[in-house]
Amino acid sequence: MPPAMRSPKGLLLLLLAVLALAYPFASSSGYHLNVLTNALFFTVLAMSLNVIYGYAGLLSFAQVGFWGVGGYVGALTVTRLGGSVWDGMLAAGAVALLLAIAISAVSLRLSNHAFVIVSIAFTLLLQLLAQEWIDVTNGPMGIPGLPAPEIVLGPLYFAFDDRTSQYFLALAFAAATLAAIGLVLSSRVGRTLRMLKHDETLARSLGVRTTRWKVFAAGFAAVVAAMAGALYVFYLSIVDPTIFDVYYTQLMLVIVIVGGLGSFWPMIAAGFVLVVLPEVLRTSDEVRMIYYGVVLIAGVLFFPRGFAGLLAARRRRHSSGGRLGQPGSI
Amino acid sequence: MMKKTFGASFLAVVLAAGPAMAQEAVQIGVSAPLTGPVAHGGEHEMRGIRLAVEEINAKGGVLGKPIALTVEDNQCNPSVSVTVANKLIEDGVVAIIGAQCSSAVLAAMPVVQKAGVPLVSGIATSPSITEKAGIGGNPWVFRLNPSDRELAVADVNYLASLGSVKRVAIVAESTDYGRGGAEAFAKAAEAKGIEVVSTDFHPLGAADFTTILTRLGRSGAQAIALYQAPADRANFVRQKEALGVKAALTGKLNFAGEAHEKLLADGAFDQAVTAFPYAPEVDTPANKAFVAKLVAKYGETSQYESFAGYEEVYVLAAAIERAGTPDRAAVRAALTKTSYASMLGGTITFDDHDQAHNKAVISRVDGSKVTVVDVFSTN
Amino acid sequence: MDPVFLGQLLLNGIVIGLIYGLIATGLTLQFGILHIVNFAHGEVLMVAMYAMAALLPLFGGDFFVAFAVLVVLASAVSLLAARGLLAALATGGDGGGIFEKSLLLTLGVSIVLVNGVQQLFTSNPQMATTSFGYGAFALGEIRLTYAHALASVVAVVTFGALFWFLLRTNAGRALRAVAQNREAALMIGLDPTRVARRAVAVSLVLSAVAGAVLVPIIVFQPTVGQTLLLKAFAVVVIGGMGNIGGAVAVALGLGVLESLVGGFADIVWQNAVAFVAMIAVLAMRPQGLFAAAIRKG
Amino acid sequence: MDSLAASDGVLRPAAPTAPPLLKVAELRRSFGAVRAVDGLDLEVEAGSITGMIGPNGCGKTTAVNCITGFDRGCSGSVELQGRSIARRQPEEIARGGVMRTFQAIRVFDGFSVLENAAMGRQCFDGLRLQHPILRTPRFRQVERETRARAEALLETVGLGAKKGELAGSLSYGQKKLLALAGILMSEPKIVILDEPVAGVNPTMVHEIAELLRRLNAAGTTFLIIEHNIEFVMALSDRVVVMDRGRRLASGTPAEIQQDERVLEAYLGGGDGGL
């Protein structure tokens, strides 16, 4: 992030990177690595929702659908078509892009409200297909035994088949994806998307082709979610219809809202905290979900604008300077 | 600057979460669905597991040490199941019991194989677990319960021997369990010349069966084979009774749990016939004692999951004792040589695919009375 | 076509539709007035079912007495809960984002209720016995169980009361005024918070009533509310968010359609009806079948 | 109805003399039984300031919404430099060079003043997705230029000192200036101002008038819808008077001030302009 390369922010980023890279060598716990790997995936997934909901202002329930489509397309590309995991990811992105353009172009012509409805129906339809189109999806059994991603470069061969290498793969994927999203969102693209959200009429009066931008946001978010989903199922080694679970939608929404709609760094922080939190609560066994719910409620009551709001409040207190440093500005 | 605080506290929390377990105990991990749609199954499994561990510890534990349980909730979700398996392995468990749901077991299988930790499953029914386990596959996974295929054959054979049932309908939940069961039943019925008039799959958690029942009432089916989760089955049976659909129930039934006991008492299961891995009515001293203990502790009779949990622990404990060390590989080797006297009578051993062939029970209901017709060996 | 079979299917569909309607009207009322989505709406129903099951034995299995007590209790609790919810939504003082806040808040409440009830009552499926037993009316060959008949009657009476309240009472008119045009309602001196509180309380009671009438029909466990909520949500969307009459009509239509699909096609596709209908409606009337206009922007 | 023959909505070749920059003919819009705009004809010459006045409710804002495409229920012809833009989407009309402000002023409150000013160029630069991701030289150059131009425009409208502040913190009059700067960013052919000085204090009115005069001198064409007759008369080259949805009169400010129909309309208008 260019702004981050300057001054304290850049230093912090460097520190984070060093921590992330050094962690597997400092800790021998595969469980912790697994939690961190999950956090990486879910943060990317949540960020994809943030692109379309937090930035463009379109509430989409289709993200979990694209995540699942990515999982299935990825798995099928490998098991049925004999492609590599990377082919699977590309295919997942391509299929998701086409689907996203199709559903958003049709529904957005009508209204934002229509888009929300279609996004719900879309996900339900996919879940039903995954359950019932047994010839292709293997139904509720899912497709188990997916191979580990591997790199073959001439004589060079490497398989991501242990937790540490899978963690690094997820880290690389998340870093690349989040960086790309961050760069896009902090540019005029992000500004334009936020314009749509704040005042669509005004945006149109300034010549913004709003529908196109919304379709763009939907497509971009879909590709990210689908590629994350594809990589994720190879990490799990199984894809089954529970990949469309409401659980993921809820997790995404909670991360995005707790992080603050349209925020970037606070949202990433929220992603990690909210994936780690239930795991930390595991020590309290069966009542942990109650605690989780209580923490959520408390969060809404005491930090109503999410981490981003918290940060903004601090900033307002500590500086009276210009507001160009706002997330999304150049 | 918040990020630094977040990052630091996050790491601190994660590191602190690693439990410092007592070194004296033998650690056994449990992965079970404790929340979510099949939480009741996990709950009952835990009852059996806890009872068995208490008994064993009261008698001095294994290898002279007490057994300590580490229980994790897998929500019946494959990805959570992987997380849970990893956590248990990190916690240093000798072996894992679980994960109840077939897809959760399947997701955990590569994890335990990589780490080299034995996994003992007593409830999941998917045939692919057996296919993947043991010889030529994953040598770390052991299954105690008979598959639904074996149960369906026994069930249909008994139905056929009655001679009164020529036409059956199948109603099953649309999951691996339901579909697997329905397929097995249909195949067995075909072999015995019983006609399957219809097969209906419904989503898990369906509350209303009036539509299916309306159709079945007119289909001329003399029996309805059910492969459903307990809550769905209770709804189905209750509504069948109210709509006056005359057909005997069969398939994979049990009568445990408050709702089913009420239905049984009300005569809703009259003329039912079923082959099930367990029945609390089975008249062996071991089972009678087990049921009594469970009733005393929880005020409810034993359910299948409790029975499975109880035997899972005993099979595992015996293997650890035989191994003479809480070493995972040694325990795995010992597990393959299991020879355990089941509460249902007979002896449990594992075949090449690490599949045990525990006994199963054929029961029939007359009015409100459950009679165990046969306790048979599966193969 | 077999008229008895068809008749039975239609009857089943109407009963189920009426129950969907009870849940959906509450949901749509909250959306119409407050523009919030209540994820915990199904849990209200679930808690009501447990409460009803606890009350029934106290009154010897007499449904009506238990039901009356439940409604009184539910009204009291709902007023408090509504006050609490609105107070919680008003925290932070930033008027925007109420939708997001409601999502998180009700999701948190939902998680706490589901898991709390599980801790208290275990996740065993529960079945409550009522004085109706397994009895049924027989209309020729068509059967209507007492429990289903009762649910239908309660639903119809409840809808009647709801419409009377909305159309004939001042409180109800105020509610409609706020739903239609918040600014105008403010201008004629209505207190939107008060109105919102009433709307939430009424919708919670509706959900509790739905739970109560379901007790003699289905067994239940802590997650029972979640499946039903999804259907109600579809009904609200198809009917036009915030339109109560629309929700009732669509609920009935959905119930009947599902029943017919289940009767003549595969039961698994019953669940597809709701979202196919969503898409179909969208193609024809994006604002929902009964909404007057699209509120855009 | 005499104008019917002159403009039947058909695109016709440009007249031998330079055609008007914007030509509106037979514009109509009804809401139920109310004819808000009822056959309006209007021309705006390139380089001019054209004022449009009329009593409250005479359909001025509706006409603007029709011309700029925000109101989708209008009929009639709208031509920009001889080419029809009627019934296009508002963003396409804006991109074609017809831009407007809103009566109830709109800026992006949550964005900085500088960002607001730069908004007008968000999408006019042909950048593709890879440019921001790779931060290509092209991308940096466009960003640099945008910023420089936005800063220059803010100086022009007198908001240079406020560029780092949130737009929401500006005064009402300053927001009007900011909205104007945002529009000018994309170098429109014609700017339609919907009540630019309503609710603005007299000093600011004077400043805005000066600003518009300067911008006009630099080549920007304006169509100004305004209640403040004095303001319009002082500023405009030509004035159009609207009444009951149609053109009552048009001419130079001097001509209009003499027009009896105008006086009558204003006096008889009852709840005429404040």
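Letters are used for the chains, namely A, B, C and D, taken in the order the chains are written, and counting of residues starts over at 1 for each.
The definition used in the following text is that a residue touches a chain if its C-beta (ideal position, glycine included) is under 8 Å from a C-beta of that chain, and two chains touch if they have at least 3 such contacts.
Bear in mind the structure is a predicted one, so any value in this text is a computation, not a measurement.
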Listing by label each chain that touches subunit B and subunit D gives A
Taking each chain's centre as the mean of its C-alpha atoms, give the chain farthest from subunit D.
B
What whole-Å value do you get for the distance between subunit A and subunit B if each is reduced to the mean of its CA atoms?
35
Can you work out the whole-Å distance between the CA centroids of subunit C and subunit D?
50
Where subunit A and subunit C are represented by their mean Cα positions, the distance between them in whole Å:
33
Of all the residues in subunit C, which ones touch at least 2 other chains?
114-115, 268, 271
Could you say which residues in subunit A touch two or more other chains, in rising order?
131-132, 199, 201, 286, 289
Among the residues of subunit B, which are close enough to touch at least two other chains?
35, 174, 203
According to the definition already given, which pairs of chains are in contact?
A-B, A-C, A-D, B-C
Report the residues of subunit A in contact with subunit D in the complex, numbered from low to high.
2, 180, 183-184, 186-189, 191-192, 194-195, 198-199, 201-210, 213, 220, 321-324, 326, 329-330
Taking the complex as given, what residues does subunit B use to touch subunit C?
35-37, 39-40, 43, 174, 200-203, 205-208, 210-212, 214-215, 218, 230-231, 234-235, 238-239, 241-244, 257-259, 262-263, 266, 268
Would you pull the subunit A residues touching subunit B in the complex into a rising list?
8, 12, 15-16, 19, 27, 29-36, 38, 131-132, 134, 139-142, 144-145, 161-163, 232, 236-238, 240, 242-243, 245, 247, 265-266, 269, 272-273, 276, 279-280, 282-283, 285-286, 288-289, 307, 310-311, 314
List of subunit A residues in touch with subunit C within their complex
107, 110-114, 117-118, 120-121, 124-125, 128, 131-132, 199-201, 246, 250, 253-254, 257-258, 261, 286-287, 289-290, 292-297, 299-302, 304-305, 309
Could you pull out which subunit B residues touch subunit A in their complex?
1-4, 6-7, 10-11, 13-15, 17-19, 34-35, 71-73, 75-79, 82-83, 86-87, 89-91, 102-103, 106-107, 109-110, 114-115, 126, 128, 132, 174-176, 179, 203
